[in-house]
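For reference, the structures are reproduced in the following blocks.
In the two complexes that follow, chain A is the common piece, with chain B as its partner first and chain C second.
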Partner chain A sequence: MRQILDSLLLVLALALVWQGLYWLAGDLALASPAQTFARAAELLATPSFWRHASETFLALGYALLIAVTAGMGIGLALGMHRLSGEVAEPVLVSLYSLPKITLYPVILLLFGLGISAKIALGVIHGIIPIIIFSMGAVRAIAPVYFKTARVLRLSRGQLVRTVIVPAAIPELVSGLRVGFSLTLLGVLIGEMFASQRGLGYLVMKSIGTLDVPTMMAVIVMLALVAVLISSLLLYLDHRLHRRAL
Partner chain B sequence: MSRAGTIRLLFVVLCVGALEAACRGGLISPQFVIPPSVMAAHLWQLLIDGTITADIVETLSNVLMAVILAVSVGFVCGAVLHSLPRLRRAVDPFLATYYAVPFFAFYPLLIVIFGLNALPIVTIGFLFGVVAMIISTINGLDRIPPVLLKTASVLGMGPVRTALMIKLPSAAPHLFTGTKLAIAYSFIGVIAAEFIMSSSGLGYSIAYAFNSFDNRTMYALMLFIILLVTLINAVLYMWEQAIMQRRGS
Partner chain C sequence: MAASVVKMSADRSVSTPMLHAEMTGVTRIYAAKGKTPGVHALGPVDLALRQGEFFSVVGPSGCGKSTLLDVLAGLSSPTEGKVVFEGAPVTGSVPPGIGVVFQENAAFPWLSVKDNIAFGLRREGTDPAEVERRVGYALGFMGLEDFAAAYPSQLSGGMRQRVCIARTLVMQPRLILLDEPFGALDAQTRLLMGDELLKLWRETGATVMLITHALDEAAMLSDRIAVMSARPGRIMEELETGWPKERDSRIASEDHFGQITSRLWKRLREESIKATARGGA
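The block that comes next holds the complex of A and B.
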């Protein structure tokens, strides 16, 4: 309880800093917390805002679906086959630290303007951490499980279904959490410069028209939704890890 | 070289070779992807005639500044948070969800505040890297074996000597991991910021080449960034292995 209170106090302190910055920087650069939330409430009441929001979350949904299924599939396979895992790992780590935004022109050439380019950008951001986490999850499984599976003469499909996936679930959820954040980032980056729809586009447009309150309102709402989903996954993550011990 | 290393090298060579063959054979149109050999040749030419030297220097100095800031501020914040348990518990949920906040959305705001110069770019790089360093520092300080601290107090070491002779060496591998992440994240932040809105730097040059249909320069610069990141990763990896070996673990 005291911990929640402390966290709330911290949020209050951040809001005060924000207000202070507003007094320092002035109307042109920043909107005050009150203005931002008033604008957010206005936006929430307009249908065009919801069109942008649903476009963003649709793209995010597709991107997550692809990144999670493909990422976990590849990661589990690489984790089960030691040599391919060893071959792939440094390549994956290198790809992870590569600024994927530089590949954006290629994606645009491949998919054209529109929702598929955003989804692709979300996927390439999110899939690599999911592969790395899934691979690590399989490697961390106690060898005795595999021995038992061999003694029980489980087939490969049974091994994956009844041993590997249940044993790896806590780590898979950790990977999902990291993957979610990066996929959202990828989708928004895609919207920020080659799109006519979505929340990323809305931010860029309000910058172009110097509409600071709208920009701040959209950013704050995005951040709130992201933190909310991430906290839920974090809670799940902690619970699963504690149960596994 | 290990067996996995050999296979990896073969795999990469095969992939590049297949791309080269597909481009040369007309399977992929040159308007879409150019052959890797042309990318490399053009990159070599760009490097020699110095057209991209200024952009490289600018991007690398931005990354360097962001990394120095992220590592030093991250280390200090991590150490302070570690010593104040109550504040740490309050901050923990924010640290854990930090990377879910899409920072690039803040970038236009930073431009409005700081103006269109290097400062917003370095800030984005810093914001990206700093929390990885904070988390690693806290992890490292958490994992110091209690027996080492007890030994320090038995030997009557003061807080400064304990920090320098016990805490820092013991937390070093985690601090190294934090630095590694901070470098990777600052790199991503700086290049992406330059790509979105800037007037110079590697990210900007790629966006510019893309907008003016200059495929050769665009792919040459992409190749440069890929090679650079791979090189930095390899150096850090070898350094890490050397540290691990010296520690005998």
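The block that comes next holds the complex of A and C.
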């Protein structure tokens, strides 16, 4: 109850700051909260908005599917094989700090202008943190679990399925949380340039036509969805970590 | 250096007991790795476990007791020497029939107490009705009935160790190895767990080898006790306690108990000083 009240207060404070900024900056740069929500309500009623939204979430869905399955697979394998993990780690960390946007021209040439380029950009943003977290998750498993598995004569498949994966799940969810926001970032960046569809494109188009309320409305709706999914993952994350002791 | 054998009472055994597991000339040397120098952790050690006995190994910290257990279980390979369990050599993997309880909390936090205990049986594909029967029995035997649905994070250290013992018990091992299983528990809990262990040993008829640094624990529980030297661990002495099979923690007040512990301490004192001086404590 207390938490809900705190969150409401925070939202109220943000809205006040927003309104204040609007008074300072004026119509050309910002829309007021009221204008924004009115525009958002209009957009939600137009079919073309839903076409853009479904394009974005379709791309996000595919990108997440690829980033999560490949990322966790690679991460678990690297975590289990010590030498490979040690070789891969510095490479991954430098790839992680590389601004992926510099690869955008290459991706455009490889995947063309359609949805696949957005998916690819989402994947390269999200997959590396997922690999790093999954690898760390396996390495952090208590050695006594592996010993127990050997005493119980588990096969390699049983070891992965019934010990490694469940033991790693709390950390895997942390990786998923970070991976999710970066994948969404990648997809949206992909839509902002050389794209004709998606919410990222809609934002850029509104900037081009100086349609500030539309721009703000899309940004706010995207932020709400991202915050909602992130909080769900965070909640799951905390719950799992508490149980893991 | 041949280990001396001390009998603390008149020899009651008439026939020669059957050998269950044996180590001959076993050494374990950890190779140097980068800047860490190599360590001669163990041996050479000769050790013979008799069928159905309660055997303890005591020694100063860092003397290679746990290495000894790992090698005997097949969890790590000896650098030299040979390990035999039930007539077959142990090489590279844990043979069926051996159960191990570790010092660390090895209960899986994502499984309930009941599922933890059933874990090994389910992986073996045991018939569900049989799993249910054995797990039910183990829950009762270890006093865990009320906690069947609880998760390890809700249990005390002693209770979690019971879960691990129960998980080993349901596999019906013929040789149970315990690596300082009560090391993390308080003194009273340790005494009570000792009683449970004796009960389990009598009930299952399994051979038990207990690794411990607690002399009173070894003196109270064992038929025979091996005393190890500081690293590289060798067996300096084997001692027969001569306790009757039916025994429990009450024997800790007998004179004979005091004689055994003082005998152990006499042998161990110098070695412990060596180990401490090396920073092994």
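The rule is short, and it goes like this: the second predicted complex is superposed on the first by the 245 of 245 C-alpha atoms of A that agree within 3 Å, B and C clash if a C-alpha of one lies under 4 Å from a C-alpha of the other, contacts with A are read in each partner's own complex, and residues count from 1 in each chain.
The rule is short, and it goes like this: contacts are C-beta pairs under 8 Å (C-beta built on N, C-alpha and C of every residue); 3 or more make two chains touch, one makes a residue touch a chain.
Every value quoted in this text rests on a predicted model; they were computed, and no experiment measured them.
J.: Can A:86 be said to touch chain B (first), chain C (second), both, or neither?
T.: First partner only.
J.: Just chain B (first), just chain C (second), both, or neither: which does A:203 touch?
T.: So A:203 only meets chain B here.
J.: Tell me the contact category for A:166 with respect to chain B and chain C: first, second, both or neither.
T.: After superposing on A, A:166 lies in contact with chain C but is clear of chain B.
J.: Between chain B (first) and chain C (second), which does A:227 come into contact with in this model arrangement: first, second, both, or neither?
T.: After superposition on chain A, A:227 lies in contact with chain B alone.
J.: Considering only touches as defined above, state whether A:144 meets chain B (first), chain C (second), both or neither.
T.: In the superposed model, A:144 contacts chain C only, not chain B.
J.: Chain B or chain C: which reaches more residues on chain A?
T.: B
J.: Quick one: classify A:153 as touching chain B (first), chain C (second), both or neither.
T.: The answer is second: A:153 touches chain C but not chain B.
J.: Tell me, which parts of chain A touch chain B in their complex?
T.: 3, 6-7, 9-10, 25, 28-30, 83, 86-88, 90-91, 93-94, 96-106, 108-110, 178, 180-182, 184-185, 188-189, 192-193, 200, 203-204, 207, 212, 215-216, 218-219, 222-223, 226-227, 229-231, 234
J.: Taking the complex as given, what residues does chain A use to touch chain C?
T.: That would be residues 142, 144-145, 147-148, 150-154, 158, 162-163, 166-167, 169, 242-245 of chain A.
J.: Under the definition above, what is the set of chain C residues touching chain A in their complex?
T.: For chain C paired with chain A, touching residues are 73, 75, 93-94, 96, 98-100, 102, 104-106, 108-111, 119-120, 123-124, 151-153, 171.
J.: Applying the document's contact rule, which stretches of chain B touch chain A when the two form their complex?
T.: 2-4, 7-8, 11-12, 32-33, 86-87, 89-91, 93-94, 96-97, 99-106, 108-109, 112-113, 183-184, 187-188, 191-192, 195-196, 203, 206-207, 210, 218, 221-222, 225-226, 229-230, 232-233, 237
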